[in-house]
Amino acid sequence: MTFNNAFLSLSNFIPEIFLFSMAMVVLLIGITNPLKKYVVSLTIGSTLIALFLCFWGYTEETVFMFNTSLIKDNATEFFKILCYGIFLIQIIVSQKYLKNKNLISGEFYSLLIFALIGCLIIISSNNLIVLFLGIELSSLSLYSLIALNRTSLISGEAAIKYFVLSIIASALILFGFSYLYGITNSLVINEISTYLLSNEISNLYLFSYILIFIGVAFKFAVAPFHMWLPDVYEGAPLPITNFIASIPKIAFFVFAYRFLNDNQILFEDNFSKFILYLGIFSIFIGNMYALAQKKIMRMLAYSGVANSGFIFLAIFTSIDFNFSVAAFYVITYTITTVSAISIITFISSNKFDLVYIKDFKGLSSKSGLVSILFMITLLSTAGIPLTIGFYAKYLVLDALVNQNMIIIAVIVVLFTVIGLYYYLRVIWFMFFETGFNSLIKVNGIYYLAVLSIIPFSIIAIFLFPEFAFNYLFSILA
Amino acid sequence: MINNILSLLIWLPIIAGLFILFYKKDDKILNIFNISINLIVFILSILLLNNYDQNSSNFQFVENIDWIPSLNIYYFLGVDAISVLLIFLNTIIFLLVSLYNSTLNLKKRNQYYSSFLLANGLTIGVFSALDAILFYIFFEALLIPMFLIIGIWGGVNRIYASIKFFVYTFLGSILLLIAFLYINSSISSFSVLSFYDTSFSIVEQEWLFIAMAIAFAIKIPMFPFHTWLPDAHVEAPTSGSVVLAAILLKVGAYGFIRYVLPVVPLGASSLDIFFIILSLIAIVYVGLVAITQDDMKKLIAYSSISHMGFVTLGFFLIFKLFDNTNTNSDIVVSLSGSMYQIISHGFVSAALFICVGSIYDRYKTKKISDLSGLLNQMPVYSWFFVFFALANCGLPGTSSFVGELLIILASFKTSFIYAFLASSTLIISAVYSLWLVKRVIYGELKAGLENSIDANFLEKTILFVLALIILILGIYPDYLMSYMNMTLQNITNNIIIKI
Amino acid sequence: MITMTHYLVFSALLFCISVAGIFINRKNILLLLMSIELMLLSVNTNFIIFSHYSNDITGQVFVFFILAVAAAESAIGLAIIVSLFRARNSLEINLINKLKG
Amino acid sequence: MEKLIMYIPILLLISSVTTGLLSKRLSNVHAGIISSSLVFVSLILSLFICFNIFSEESNILYDDFYQWISIDSLSIGMGFLIDKLSAMMTVVVLLISFLVHVYSIGYMRDEKDFKRFFSYIGLFTFSMILLVISNNLIQLFIGWEGVGLVSYLLIGFFYKKESAIKANLKAFLINRIGDMFFIIGIIMVFTLLDSFDYKTIFLNLEAFDIDKLDYIYGFSYLDIACFFLFIGAMAKSAQIPLHVWLPDSMEGPTPISALIHAATMVTAGIFMVARLSPIYNFADVTTDFILIIGALTALFIGVIAIFENDIKKVIAYSTISQLGYMVAALGINAYTVSFFHLYTHAFFKALLFLCAGSVIMSLHHKQDITKMGGLREKLPITFYCFLIGTLCIIGFPFTSGFFSKDLILEVMLYENTNISFFAYSLLLLGALVTTVYSLRLIFIVFYGNYRGGDLNKIHEESYVILTPLIILSFLSLVSGFAIKIFVDLPIFMFGIKDIHYEGLIPFITHGILSPASVTLIIGFLIAKYLYLDNKKISLLSSKFLVMISNFIKTKYKFDEFFLSCSDLMKSISYHAATKFDIKIIDSFVVNGLPRRINRLSSFFRSISSGYLYHYAFLIVFSLVVIFGIILARVL
């Protein structure tokens, strides 16, 4: 029985296990000089295989593994596949950049894979211990990845800041866990949720949830727990930023989903208001800070803060919807950010690092395609029609209006207008100004093809969104 | 094919525009391609115009496809007479613009053409969408090509102007979205037809009205929201200004007559006095402002604003008219006046901007103080210019007179003061138009303005066509009037059953 | 008589002290690591108390995991600090503000 | 018959368009001949129609060419209404126009824009005819603005002359002031009698119960409507204070002054009032106003002519004062009488202008009469024609002017109300003034000795120019005897206004014995004394009279008034544009808000320090705040 269970669990856990072992392999061949050059291809290959395995092992019904400490259902599989895909794009695009910064090494990629696995574990965990381990696995590897570029001052600084603050966050989460454990005598998440069916919400329960979600807010970089984000964006090597901006967000969205899905706490007024106002505040802070930024990455970071605020609003609206709105927003935001940062990575993978917004001057005359891709990405982030960003914002607003929170909807919308301004600023530098830095070379059809995947899908999904909505609705029902 | 001609009209130019992005080699081929696409679209719109049955009052060429049923958003197209006429205006203006563009020497020609083609398709989409969100999407998306046109090919302050244009109109339109969402949340449908059946409380209607009206008032633009237009016009390239004045302002007006008046008549009728006053301010005050502008484009921009003041006046008089005389005939007169003014202004302003643009192409200045006595140098242009200036000041026999007459008539039926202020435009518009003519066209040729060539054949054709249209519309307005009549009757009924 | 509440309050105080330690200390980064450790330990006490009072062993299992992770944390933390020191020969926190705004 | 009417405007339009558009192909002479012949054909048509109308009683041609607008209740057509009034007006217009066409072939022959000129006058005649034959108010207005447009274009014909383009702008704008009120008047009539169509209007008016009129400040609705309509007429027919454009309009070519600014366009106002006379019958207050305005104009503008030295401007001022006579006649509802004067005046004023033109031409475009003199021998034909014109205008017995002007005075006297008596006295003085300035002109120009240099270079112009003069002088002499027609000319759809008239002979005798002839004699003596014998009257150099004459020389400062108005407008516009539109709306609100937001954001940015412990502190602080709030809520 137990063996059977263990076997089943293992069989369902193959992709992660494979990836894990490949990470070791990558680490090993990284230190052996002749094989060093295969690191990248090996990483890509193993990720592809893992992705394939994930598809192969896909099953409709929900499976609990390692006696309910891990869960595998449509949602987890979907988000895992998404993570794999994003991860692939990131490592493919980042090669040239890393080569220039000579960061390509076994440990780099193995750490990256470990971070990915951490996130995958967060996604599929159903037990607080496993969840904690997943969080720590990803964050530990990310600390070291950020600091990996030993020569630069700022990356060290970014690392230390991220390190300290995110440990505070984990500690808060753990604190919340401990109380939950105390109340429910269980470390299994859905047991914790179902606990409320028999008993009503105690203040301690509420507090622990708030502690946990402050931790989540930190991971999403929702104001006022956002300060680490811009520094990390600026300090870390771009591929790492790319990773931090995307995959952990998805993971922590699933985390939030696990904790809130069919959980009465969501209807507790204090809690939902907490989420709501945190979100609004974050939108305010994010946009206000982003407006004055001179550096592109910091601007993106603050726009990320604003978007995380939107994500929280979306989570709030899950009161009478299910989480599909939030999920859609998270996915939209993640892939647009990935696209944006990947394009920046691609552009600055030469002698010249693209740091300031004004460095985009006259990009369009250099390469029309890249600038158009970047424009699409930015417009999507701003939520202009013809991009899925519009639907993301639209759904949130729709939900708000349906809950008769029109004032809040209007306020939020006005902040998006501020947001629009700083995205347009980048666009105008790309298209309206002239004189692009000659050090920058934008070529390589192979890269351009990869880069254009996301923007085109952005447009495509805008034109035919129905299936996406239905799919999300079904998996998160 | 005739059944989904609307989709054809919308998507043909858009796809062509995207396609043209990838070809940048030969300018001649680009010109031919661009013009032919616009020509095809124009011919299609003529087909539309002919096959539209003007005696039926309901929407025709309807296409209703599931798009996002889960959000009650449908790909719902259809036209009534006003849409048809505006689409026709749109296509003919874009055709002329494409002809004009082929005479210019441009950087990034293919991108320029593609933005215009996109704008063409999207505008047709705006005029034919019957689903609010679809409308909104076209409405918003229309900003992007215009933004690029002004920003990339514009003048010195192009960035300021384009950003102002984009952000300002976006700010307005986003409130529109909220309003639509609100309506949807209560009737769970975005179709215009079901919008017309709504019955909100008066307070709700007032708020909805404010939200929507601001959006369209910025677009038209009405008086306090108008300052983006002169900047946009001054900085935009000639063809950009033409499209802006002839088409984009009409989008706002169309929004009023399609989404505001029939949907929230109670709100509109309880707040109409403000909008009447604003329109009158636009007519008188903005007209006065136009007089001493030194930049020709700015002058024409301000005159456009004051002419659009007439349109909005015609729209918002209807409630007072209905209170005075409980018949809908006066309302129809007023609305017809506005619609006629919209169409006529489309042609007149386009023509004026083309004239100014060609002067600019020759002398690289738009300043009135730098110009004088052009009649000596380029008579053909100058006579066209004089003609269009006269048309601009509403001379009988030109199209602008008809709309103004009807609107003054309607305004007199509500109040003498309105009529008096409205008719003061006869003086004011004459002052700014003819003073402009006196300073630019007449007089001795200023030194340094020699050696410029007169209109070439293509430009002559464009201007001649425009002049001809303006004259025909002025001499035989009844064609359009009877064309629109049923539709306007229908809209009027939609409005008055609710008040 | 010492009840569960006292223990909880104790651990909460411990937590607060450690957090305070993070932002009151403006000299040395190493102190940061210590207060982080303290923070995690306060969580541990929580778990132990709960598992003791509801004699359920899983909580204490969790504690072991946390301890292990804490060790790893401090290891990596030290590593980062070393690289930071390499880069700028000081562990003054006041100097760590290249990234701001 | 109806068909024929349609051809008149079409022919005129053709002449205008061909000469305008085919200007490259055609030679000057051909263009001139084509358009003149087209006008001639339409003249023949109009004569035919006119005779047809007069042949049988109360025969009215009425139809629509096409429907201009029809929105269910509102319907406006483009059509014609030919009764005796419009038939005769058509003939007059076309006749003068034809003569001016012919004259212009000679006069304009060495202008480079010859064809443009002909296309203009073609267009003018077209729109004048549109105005005259119109059967509704909107078409009337269209023609009204049309003629205004052409006058604008023609005054600015020499577009390089600063004075010319100033004058044409002025003319158009002042006419626009009139038109603004005119359109309101039209709309007022429409709203009362809900139609633009004369027939319907008058029928509804008959049906309308006048007691039910609503009164605003004691003026009846119709009074106000007619008042607004009349302001339009004041602008068009150059009545005080909107007369200022007409003297300046002399910047245009002389044939134009004859055609537009003397014979036809300026009388459009008179025609309009006569056409709408059934309405004016109900507007007593307004008619009194009209009477006063007319009388004042007749006298005081006439006085200016005495001190004017530009030959064309003298005639222009005389035109204004003659229009004053017509308007005054309208003021006592004697529409036919005023129309009679319109008709005679059309001939002799055109004659005077054309003569002046030929003088100017033979003096190589010199217009200052102080530089002329003694041209009698050199330009005999011109002189005699001019003399005939002058005799007509001063109302010398048996000339046309005598009949029309005396008829006006007669009727005025016959009205005997206080106002009409006052007006009568003004008009009588006006007659005196007229005599003085007309004779002054002829004495200074044709008598005495030449002050312009060598007299021998001057000679008569070609017969292309002289024939029209001769024809016109003939018409001016005889046209007066048609008085009977006018006296019992019925106004459309209404009866004949009974005018005190017992037949030709008694009228003539009575006229010769009337005070008018006394003024004639006095005027002649004064003019002879001052201008022919160049004697000084010590009385005139007295301080008071000098002061008065100086004041008159300033033309009563009307121009300055309008100038200051336009300056005011400009400064308002300038301040509105810079202060309000740019400063307040744009800089303060539209750009000001974003600017403030930007400042706020950079302020935020400046306060974030980047210290780790600040971050940590902020986290803890917000933690505390959140918990505080929630504790406050739950406990």
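Each chain carries a letter (A, B, C and D) given by its place in the written order, and its residues are counted from 1.
Here is the rule we go by: a residue touches a chain if its C-beta (ideal position, glycine included) is under 8 Å from a C-beta of that chain, and two chains touch if they have at least 3 such contacts.
Predicted, not measured: the structure shown is a model, and the values here were computed from it.
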A-D versus C-D: which has more C-beta pairs touching? A-D
Chain at the geometric heart of the assembly (C-alpha centres): B
Taking each chain's centre as the mean position of its Cα atoms, how many Å separate subunit C from subunit D? 98
Indicate the whole-number Å distance between the mean C-alpha point of subunit A and the mean C-alpha point of subunit D. 79
Per the centroid of Cα atoms for each chain, what is the distance between subunit A and subunit B, given in Å? 44
Where the centres are mean C-alpha positions, what is the separation of subunit B from subunit D, in Å? 37
Set of subunit C residues in contact with two or more other chains: 19, 22, 32, 96, 98-101
Indicate the residues of subunit D shared as contacts by at least two other chains. 594, 605, 608, 610, 612, 616
Shared-contact residues (touching 2 or more other chains) in subunit A: 160-161, 164, 168, 231, 292-293, 421
Considering every pair of chains, which are in touch? A-B, A-C, A-D, B-D, C-D
Per the touch rule above, subunit A residues touching subunit B in the complex are 368, 379, 384-386, 390, 394-395, 397-398, 401-402, 406, 409-410, 413-414, 416-417, 420-421, 424-425, 428, 431-433, 465-466, 469-470, 473
Any idea which subunit A residues touch subunit D in the complex? 160-161, 164-165, 168, 172, 203, 206-207, 210, 214, 218, 224-225, 227-228, 231, 270, 274, 285, 288-293, 418, 421
Footprint of subunit A on subunit C - complex, ascending: 15, 19, 22, 29, 32, 36, 39-40, 42-43, 46-47, 49-51, 53-54, 56, 58-59, 61-62, 65-66, 69, 72-73, 76-77, 79-81, 83-84, 86-88, 96, 98-101
In the complex, subunit D touches subunit A at residues 594, 597-598, 600-602, 604-605, 608, 610, 612, 615-616, 618-619, 622-623, 626-627, 630, 633-634
Touch list for subunit D against partner subunit C, complex: 605-606, 608-614, 616-617, 620
